[in-house]
Structures are given as C-alpha cells and as structure tokens.
C-alpha cells in the first residue's frame, strides 16, 4: 500500500494499519485525491463479480452470487396454491432476505439485523415493479392451482453493497429455475411427475418449464462523498461515508428505482446523472456475467 | 349406571324429540351422526334392540306423528346435533349422581354451550331443590385444603386447594435485588409470576407463558400481596412470589392469593394481615359462593374479593359483567363471608404449623 | 396537458397543508402535519444519555419508531424507519450532543397517499419544536408519474394506485443568507436543489441516448418547485408559533 | 447457581471418593422414591414422583388426531417439559426454557426410540384407531415443581408411572365408506384401555465426579460433575437411548463401563419403581 | 410475509412427490440391499472442508458431505453480553439454524435449539476456555442444504472454523453418526436412510486424545451392538480428523506463500 507520507508529526511515524483504524476518513480521503481506493480499485470500478448457478440441489432454482467478498445464496422453492379470485390465472412470488448470524459480526441470533426487512422490501419492490416475471406464467390451472415461488436469499458474507448482490443472486436464481412437471391427481392435488415413468396422467405444464424473463433489473450502489462517486462500496466504506445511492436499471435501460435514503451529501443533477451512467456500464457487465453463467449451465 | 354410546344417543334423541314436539315445530330434519340410531329410527321393520327398546318405540311414535325426517351426518359437522342433547342429558340424569369430573364435559360440548346457550335455553345452574351442578348449596364453599412447606428448596411454599382447583406457591426472599435498576431504597420490591401447567385445564393448553391473562393475574396477585407485606421493613431487597396452577376449576385468582398468603407466612415475611380471597357469582337469580369452572364460564357476573380479615378491609375487588347495585352488595357480602371462612381456615393451619415447629424445637 | 384529477386539482397543486406544533404534552417536541387527508403525528424525546449498541458514540444518535395506523409494524414500516432515520441524520448537527440518543416517534393518523413525505415533514417540524440543532430544514414531496408521462404532485392514495410510477423526494429548504448571491451554489446549482432523499417505485421512461432519464428529471424539477412553496409554508408555520414559545418560557 | 465454598466442594468430592455421600448414601444408591398416581383428574393418566427434594409431575393426555402420512400405522407421542419458577427463581419468565427444551429432547430420545419407532417404550402401533386416518396423539407433559438434582431420572420415572395410570377411552368405529377421510367414531366414556407399560424403560443418570460415578445426584453434587451420562434401559437390559451432559471428554472405555454399571442399577430401579407404582395404583383403587 | 405488496399469504399446498414409498426399500432384513448412493455400509461420504468461507468472521469453514452443506462462522473472542456476570473463563455461545430451503419441505428457517445445545456440549470440552477470560466466542452455523447427518457435519465443520479463528483447543473435534437399520449398522447416513432408521448413534470425539465429548443414542440397542457402533464411529472419526487436519494445513501453507 504505497501511500505517500502523511502530514502531521505523529502520524508520519504511524503504521498504515493503525492510521486506517484511527482516522479512517482521512485515510480514505487521501486515497480519493489520487483517484484510487485502498483495495486498488479506481473510483468507478465495481469489484470482481462471480455467479454460480445450481448451488443448492434440493431446490428448483438457485444461484450463488459474489461481489468482491459479499456473498449471497438465493434459492427458489415452488409450491402450489389456490390463486386469488381477482387474479385466477396468476401465480405469486414471495421474497425474503435473510441475514443469518454467520454473515457479519453485527448480527446476533434472535435479533434480526436492521437491514434485513429493508433489503427484503427493496428487493420485493424492485423485482415486482420491474415486471421481470410475468405472473401469468406461474399459473397451472386457471382458478384452481398456481405456483407460489418462494425466493429466499441468504447473505453468507456481508461486505457492503448487499442489495446489489442480493438482486443479482435473485435474478440468477430465476434464470436457473426449472419448474417441475406436474399433473393434477384425482383428489385435486397437484403432484410431481417423475421423468422415468409417466403413467397415464398428462402433465399440465409441459411447455412452461422455464420463465421468460423480460427486462431483467440490475443495480449498482455508489457512495457520494464530497465530489467523489465511489461505485460498489465495501462494508468499511459504507461505515465511513454515509451517503448511498442505489440505481436500478433494467436491461432495456429503464429506471426501475433510484434510492437515496438520506445521507449528508446532497445529490445534484450532475451527480445523479453520473451515478446512472456508472450503473448503465455496470448493467452491461452484469448482463454478460449472467449470460455466461446461464450458457455455462446449458453446456453441462 | 352404565351408558352405552348408542343408548346415550337414543336417550338424547328421545329427550330432544319431546322438546321439539312441545314446541310444535312443523317440518324438522333431524341430523344424527350415529348410523345405528338413524337405522333404528327410520327403519320400518320390527324393533330388535333391547337395551333401547323403550326409547326407540317412543321416538318412532313421535316420528310417525310428525312430518319429521332423520338423516345421517358426518362426524365433523355434527357438534351441534351431538353435543347439546348429550350434555343436557348428562345434566339431567347423570350429572348429579357422579362426582363432577370436568373431563366428562368434552371441550367441544363446552364450546358449544358457551356459544349457543343464550339463544337456546336458560341453563339451569341451580336446581329447583336449590342444589348446584356439583351438589353444593348456593352459599356453600368447596372443600378447601392448605399445606405449608410443600417445597424443600423455597424460602416459603404452600399448596392451596379449593375443590378441584389446586395451586402451588413458592416465595423466594427477601434477597438481593437481581436487576439493579429496579432496586428501591425505601421498600422491598415485590414480584410475582403466575403460570399454568400444560395439563391444568380440561383441554390441553399449548402456550402457557406470558400471555395477557397470566400477566394480568400476576399483576393482581402482586398488588394484593404488596398491600399487606410490610415492604418498608426490607428496603433494597426483593421478594419473589411464584404461583403455579396445577389444576384449574374456577376461582383461580382466589386460590392463588390464598396460596401466596400461606407461602409468605411460611417464609416469615412480615405482613400487616393475611390476605384471603374468595369469589362469588350470580346465576339463575341466586347468589353463589365460590364458582367452579362451569359456573364461571356461564358468563354471569363473577366477583372476586381480596380481604384483610383483621383490619376488616377489602384490598381487591374485581367484577366482570354487570349487576344491579343492590344485588352486587349481596354478592360481595357473600364473597367477603367466604374470605372470612378462608381466613379462619388459614389461621388454623398456620397455628397448627407453628405448634409443630414449636414441638420440634422444644422437645 | 391538462389532466383531470379526482379532486380537481391542477397537476402542480398540492393538497392543503396544516401544521401545528407542540400538540403533545409529555414529548419534548411534537407536531402534527397533514396534507389533505393524510395526517401524521410526530413526537421527539431527547436527547437522552447514551447511544445504542453499534452506533457511533462520538455523534448524536437518532432513533425512529414508526407506528402504523393499525396492526404490527412489518417490513414496510422498518424501511420507512430506516429512510426517515437517515434523512433526519443528514439535517441534524450530530456533533453537538455526542453520545446521546434522540427518539422520533411517528404515529400515522390517516393515510391517503404520500405518507412518507408527510411523515418526514412532521418529523422535521417536531425536531424544531424540541429544539434539536439542525443544519437546515427538510421538505418532502411526492411526485406521481401518470402513464402519459405527466407529473402530478402530492397524489392521493387513489391516484398513487393509478400511477405507473412515483417518487418521494426530500430537499433542503431555501436558506436566507447574508452571503453574496451564488456563494452558496454547488456545481452551478443552488443548495436547495440538492436531493437529500429519493425513493422511487415503478418503471420510468425509456431513454434512448446516453444519459436521459427524462421522467425522473421531470419529477425532480417539479418537486423542487413545489418544495420551495412548502418550505415557505414550513417557515411561516414555525415562525408564527414562536411568540407563544417565548411566552411559555417566560 | 449453587454457591459452594471450597471446603464444601472438597467434602462432597471426598465423600464420593470414599463411597459415603453427604446424605449417607453410597455411590450407587437412589434416594427413596415416592410415587403418587392419578394426581391430575383431568388427564388420562398422571403421576407425581418425589426423590428427596426433587418433585415432578407428569401427565398424559390423549387426543384423537391424524397419523403422519409417512407412518400411517403409528400414533404420535410428544413430550413437553416445563420448569416451574417455583422450583428455582432462575426459571422465571423464559429462564427455564433452555433447561425445559433440553429435558424434553433428552426424554424424547430416551423414551420414544428411533425415527422408525423401533425401541420405543410405548407401542406406537397400539395407538392407531383407523390406519392412516385416525390415531391417538399422546401429549406427555412434565412439570418440575421442585428441583434438587437428577431431574431426568425423576421425570422418566414419573412418565412411566403416568403411563401405567393412563386409560385411553375405547373407541368404536362405525362402518363407513373406504374413501371417507374422517370415519365416524364414538368415544366411550366408561371403558378405558390400559397401556402395556412393561416396555417403558427407566432412565439412569450416572454423574461422574472425579474418578467415580454416582447415581441420583443432588444439585450440590451435580455442580461438581465433570460429565454425566443418562442411559435409558428397558426390562430386557437393552439400551433405548443415551445422552451425555457436560462437555468434558471421556475415554470410550469408561462410557462402555458406565453403560454396564447403569444396566446393573436399572434392574433394581425397575423393580423398585414397579412396586412403588403398583402400591400407588392400589391406593388409588381404594379411594 | 407475502411477496406481493399488501397481499396476504394465500393457502399453498406443497407438491407431494410420487407415491413411491422409499422406506420399503430398506425394510428387508437381509444383508443384500444396497444403499441409495451405492456406498458400502461402513463407507463414509467423501468429505470436503474449506476454511475462510466468510471473510467477515474471525474464522470460518465450509463443509460438504455429499448433499449436506454447511457454513460455520466463528466470531470473537469478543465482549460478552452486558448482562453476563464476570467469569474468569471464556464463554462459548453456539447457534445452529437451517435455511428455509435446506429441507425437502420448505421450513421456517428458524433456530434449531436442540442442535445448538448439542453443538455447545460437543465443543466446550475441547476448547481451552481459560485462554480468553471475560469474553465470548460465538460459533454460528447455517445448514445450507440438509442431506443427512447434519449435526455431525456441523460439529466437525465448527471445529475446523474454530481452528481457523485461532481459538486454542486441546484437539480437533470430529463427529460421525451411524444408523441402525434392521440388523445392519450403516455409517454416515443420508437423509432417506435417517428417515427410516430404527436407531442412531452419534459420537463426537477428540481423536488424538481418544476422548468422547458427546454421545447420543436413540432406539433399542444391545450392549455389544453399542460397543460395535462406538468403535465404528471412533475409527471413522480419526479418519475424518485427518482430512480436517490436512485442510487446515493447506490453508496455513497457502497463507505463508
């Protein structure tokens, strides 16, 4: 960490690590002047992102997303429900975000993390309002049976930009989702048909095995600090600089959400435009990563 | 007297058909869950049942005289058909003859009676002869029993029974205040926790701890006991009263307070007076002392009094439902008399206990 | 351009605002704020000694408790709590009372759209009432976006449901300053144009070229205009009650 | 919880080493066991067991329910233990929950056998009324009224006694269509079926203090343990369940030795318990 | 907790699998049946451990035994809860939970109290608590996917995580269970085998010290059979410990480089 020496008498003798702990803000600002971050990233660059589909075999669709160290595991379980009377030919999605105590020293068992319901709600709003999933595709028999997709996202390692990683894993889990072939038995219950022997019963959903995902949403969280914009912050950065802006764009370039919950730094038009531009770039990256992961699955 | 289910069913139908006949109802569709009964009643063939021959003949006669039909109905839908006559049957024929065992009244019957009673029939809690469901007179209290020192580990403990209601109380303290922020420099901190055993009620309870009812009762007990403990003698200390209900059959509050009093006395906590408690109610235009569960759940007024016998003061008074003022005075008077009786009994036990201690130490 | 609104307002017209302060006796500061039929009660307690765990003890801490009109608080309430907390943190001077906690309790009285902005405005007025040191005030507005792309301010609940998207915006109020004009500008924009908080819901505008998020920018523009009006109202209503405060103190 | 001075601790340990415990018992002697049955009239069966100052109540309630679809030929039994705050102030509020769940889990393991139901003290298939449709759900509730060590053994004994006291109403099933999910049943008010409780095991807890192990430890003795092994053993001398408490490691050969000691102790305990239960039942009959 | 804003959770029926009762496969008492994954009776599943799975923790490990996948994080030693009284030895705090999708039927994802206390009892004897007085070490486990023998995997994984966190221990703790089905003892059972077992025996031990820290038995066992089961587990534990040790060695050497 070749940091040019620090001003001030006693800090010049100080160990870099100690300085970082004692004066985190000054430590960061010194980096920002040089347009670089302590982890050697330029300001606008997101961390390395990887995606693995099908991490959990006991589910109908799952994905493991990693942005830097932040790790999210998303999995979907399909269950059958009776659709509501207002929407007889639509299914439903239930999204829950969990922060188990393993993910961060701040979370203790029995006391859910503060961020848990907030990210949960944000994910829910984003996925539903993006219109990525056509609820009609989740219908089985109009008025009688429809799918309820339970999407649970677990944060395994929390190191900033939780929402971005959670959304990416959620989207990937949906693109990995394989809807089981089912039929209606005599009791009016929906049962799974195994691949080998399909005695008599006609499956009700021969075609609808995969969801067509239209206009997939991707997000990028940035930090506004003074005149700098830091894309994809780590947990340390989030704790030091408090103004976060999350922009969600869908793959056709529409704005799904612009989320700036307070913060000391005011966002002016130019900053917002910069954030959106960064997100636009990031959407392209993420899309490629998702496409690669999906095509990788198909080869297997 | 042994009653086969089938016999009970037939008796019920016989009884019910008499009522329906009296009411002169026209077209009635009877629903019954016992296939045997339905067959016996609807069959046109010669009767070949001996144990219920009489009932069957009567019923058939009534069915022929009226435009009634009887159908079989599935078990899960038949509470209404099944429960009401059965219960009343028991009230009229068997209830007074046996000991009251609450398990005899199955929960569904109880629920049914609670929900349908007002619209159907005025329940008879006091028979014309002036006897209550469990055979007591209106002013009669149930058997009470107290036992001191039931638990070895507690500083003071007692068991108190009022009829089938059985409560165990333990007192710990005076001791150091556990939670420093609650410490009071002028007086002792009195705490109380009330809990019910899973098996204490007729139908098994699933979540006994910390519900609103138990919090409320905890508070009532605590306030009643706090009023009589000389808390100013034990500043910066804490007294815990734990009350555990083993069997619940009405009058729980009273039994808990009485048990707590005994336990406090056993622990040697200085008190102004003994608090004793008893409840009274008003059903069938009669004031009743010491309600049991069935009477308590009749929904009538229920007055619980906590009383300091030596000071002749009331420390707790609770009532639900409404009551004209003059009757209320009567009922409260009755409850107070009950308290006095309990107080005498408690005093006796304590004296007995002291004598025993004395003899143990002296000899 | 003219669109019919149910209550015959013009698109840029806000619902009538009512603000009263010092409505609760025991709270250190309180206010009630209503916009049309949406009404929120805010109470401020504190600063009390000590901060919660996981909070920086070198700064003042703000705690927000959101009480829904009925029922238990769920995910939505938790999210609103978080947004409100962060918004208030950004207007308070946190360095003045380090290692203290100020509690803000929001009670929803009735909800007819634009609930969160209404609560932010109420909380802000209550903070002033409690005498908590603030950098500036915050003014919150809701901008709805109709299918046609027209922007409607301060929609009612019924309108909110019909919108394709809407956004809640919070701006700082315009500051009276003795400094020369322009010295308070940031990047060529006046301070009151900066966004403190932005929450959006629903899809907005397809844009073709590089940076063109027209719908959103439209909203911001209208929101700013409205916030100027609201901040004037807020200032007036806070000033009008000042004499009574001095009386009370005397 | 138990505040003991160094001297007291030495006294307890030394006594155990010399096979003379504080209350005069030998290492492998139980305190006198008092059994009372039918103490809770509302329950189908109940019993109260006292061993020294340890006092527990167990009750059995039977409700009609639906069998588990994976085991249509078996009834269901569940065990819940509750620690009353009367036993110790620390059980106040939710304080007793941890111990309660631990005891419930241990009893479950010791009395109800493996997942398939093999080795259970209660014959689960005898609880079935109509296969796949109706069965008895047995709810066994334990209540710790006073605690002076060895709760698990006391609860196990109380449950065994309560089960011997249990009468399940005879159920007659009326003929119904085979497709009927809820066949018509009639529960008898007078006729009760008794359980065969000869297969219900007893639980023997061996508490290791120093090099020796003792049975039926009091709270004071328990505070000096390094580890304790609870073994449930039936009449045939088969082990029906085993749990270990206390974190200290133990050599495998010692555990095997403890098992054989427990087996030996269990024979006496079973006999003693059976006669106590029979005596208690006889008292019940009389009254 | 419905996903759709405002919508109440509608009734949902879990989709039952095909009506093939798997338990019948095992019920025969003859020795010839084959385990569903074609293993021998006394053959464990291949075990995989990796340390450093969670960066936010002071130590962590990920373990995968067949379909059983768990993550364990270790935090601390850190400040004990304020309510705790002074203690001159350290405290151990354990928590085990399942993800909602870990089990074949979607669960609630709540804490598993029984496992938590079992984990605590298994580890406490191996940790040198005297090395961190007044403080607490938190061991949190999350079962990502349940594939049978969940608790033994969690215990073994937790001891690797503790080692990764640099917590002083007398020895690693390895844990293995056997199921008794009919007359046969099968080691390291998978979910289907566990669901129809007649009895089970789980051992956690410190292999180098040859000490058992935890032992549970369910079902009916004769004394010789118990000693057979115990021996089987102990042998497997020492093999497992070798794998755990090599994983730790690997991560240590990769750190040095």
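The first chain written gets the first letter, and so on, giving A, B, C, D and E; residue counts start at 1 in each chain.
The definition used in the following text is that a contact is a pair of C-beta atoms (placed from the backbone, for glycine too) under 8 Å apart; a residue touches a chain by one contact, two chains touch by 3 or more.
Since the model is a prediction, treat every value here as computed from it, not as a measurement.
Asks: What chains, if any, are shared contacts of subunit D and subunit E?
Replies: The shared contacts of subunit D and subunit E amount to nothing, since no chain touches both.
Asks: Enumerate, in label order, the chains that touch subunit B and subunit E alike.
Replies: Touches both subunit B and subunit E: D.
Asks: When you average C-alpha coordinates per chain, which one falls nearest the overall C-alpha average? Tell me, please.
Replies: Nearest to the common C-alpha centre lies chain E.
Asks: Computing the C-alpha centre of each chain, which chain sits at the greatest distance from subunit D?
Replies: C
Asks: Approximately how many whole Å separate the CA-defined centres of subunit B and subunit C?
Replies: 56
Asks: Quick check: how many Å separate the C-alpha centres of subunit A and subunit E?
Replies: Distance between chain centres, rounded to whole Å: 29 Å.
Asks: If you average the CA atoms of subunit C and of subunit E, how many Å lie between those two points?
Replies: 50
Asks: Provide the list of subunit B residues touching at least two other chains, using ranges where the numbers run on.
Replies: none
Asks: Listing for subunit A: what residues touch at least two other chains?
Replies: Touching at least two other chains: 124-125.
Asks: Taking the complex as given, what residues does subunit B use to touch subunit D?
Replies: Touching subunit D from subunit B are residues 2-3, 5-6, 33-36, 74-76, 101-104, 150-154, 157, 164, 168-170, 172, 178, 193, 195, 197-202, 204, 208-210, 240, 242-244, 246-247.
Asks: Which stretch or stretches of subunit A touch subunit C in the complex?
Replies: Interface residues on subunit A, with respect to subunit C: 106, 114-115, 117-118, 120-122, 124-125, 129-131, 242-243, 245, 250, 252-264, 266-270, 272-273, 276-277.
Asks: Subunit A touches which residues of subunit E in the complex?
Replies: 1-5, 7, 9-19, 53-57, 60, 67, 69, 71-73, 75, 78, 95, 97, 99-104, 106, 109, 111, 138, 140-142, 144-147
Asks: Going by the contact rule set out above, which residues of subunit C touch subunit A in the complex?
Replies: By the definition above, subunit C touches subunit A via 54, 74-76, 78-79, 82-83, 85-90, 165, 167, 170, 172, 186-187, 189, 191, 193-207, 210-211, 213, 215-217, 220.
Asks: So in the complex, which bits of subunit D are touching subunit B?
Replies: Residues 39-43, 46, 52-53, 55, 57, 59, 61, 63, 80, 82, 84-89, 92-94, 139, 141, 143, 145-148, 172, 174-175, 180, 182-190 of subunit D touch subunit B in their complex.
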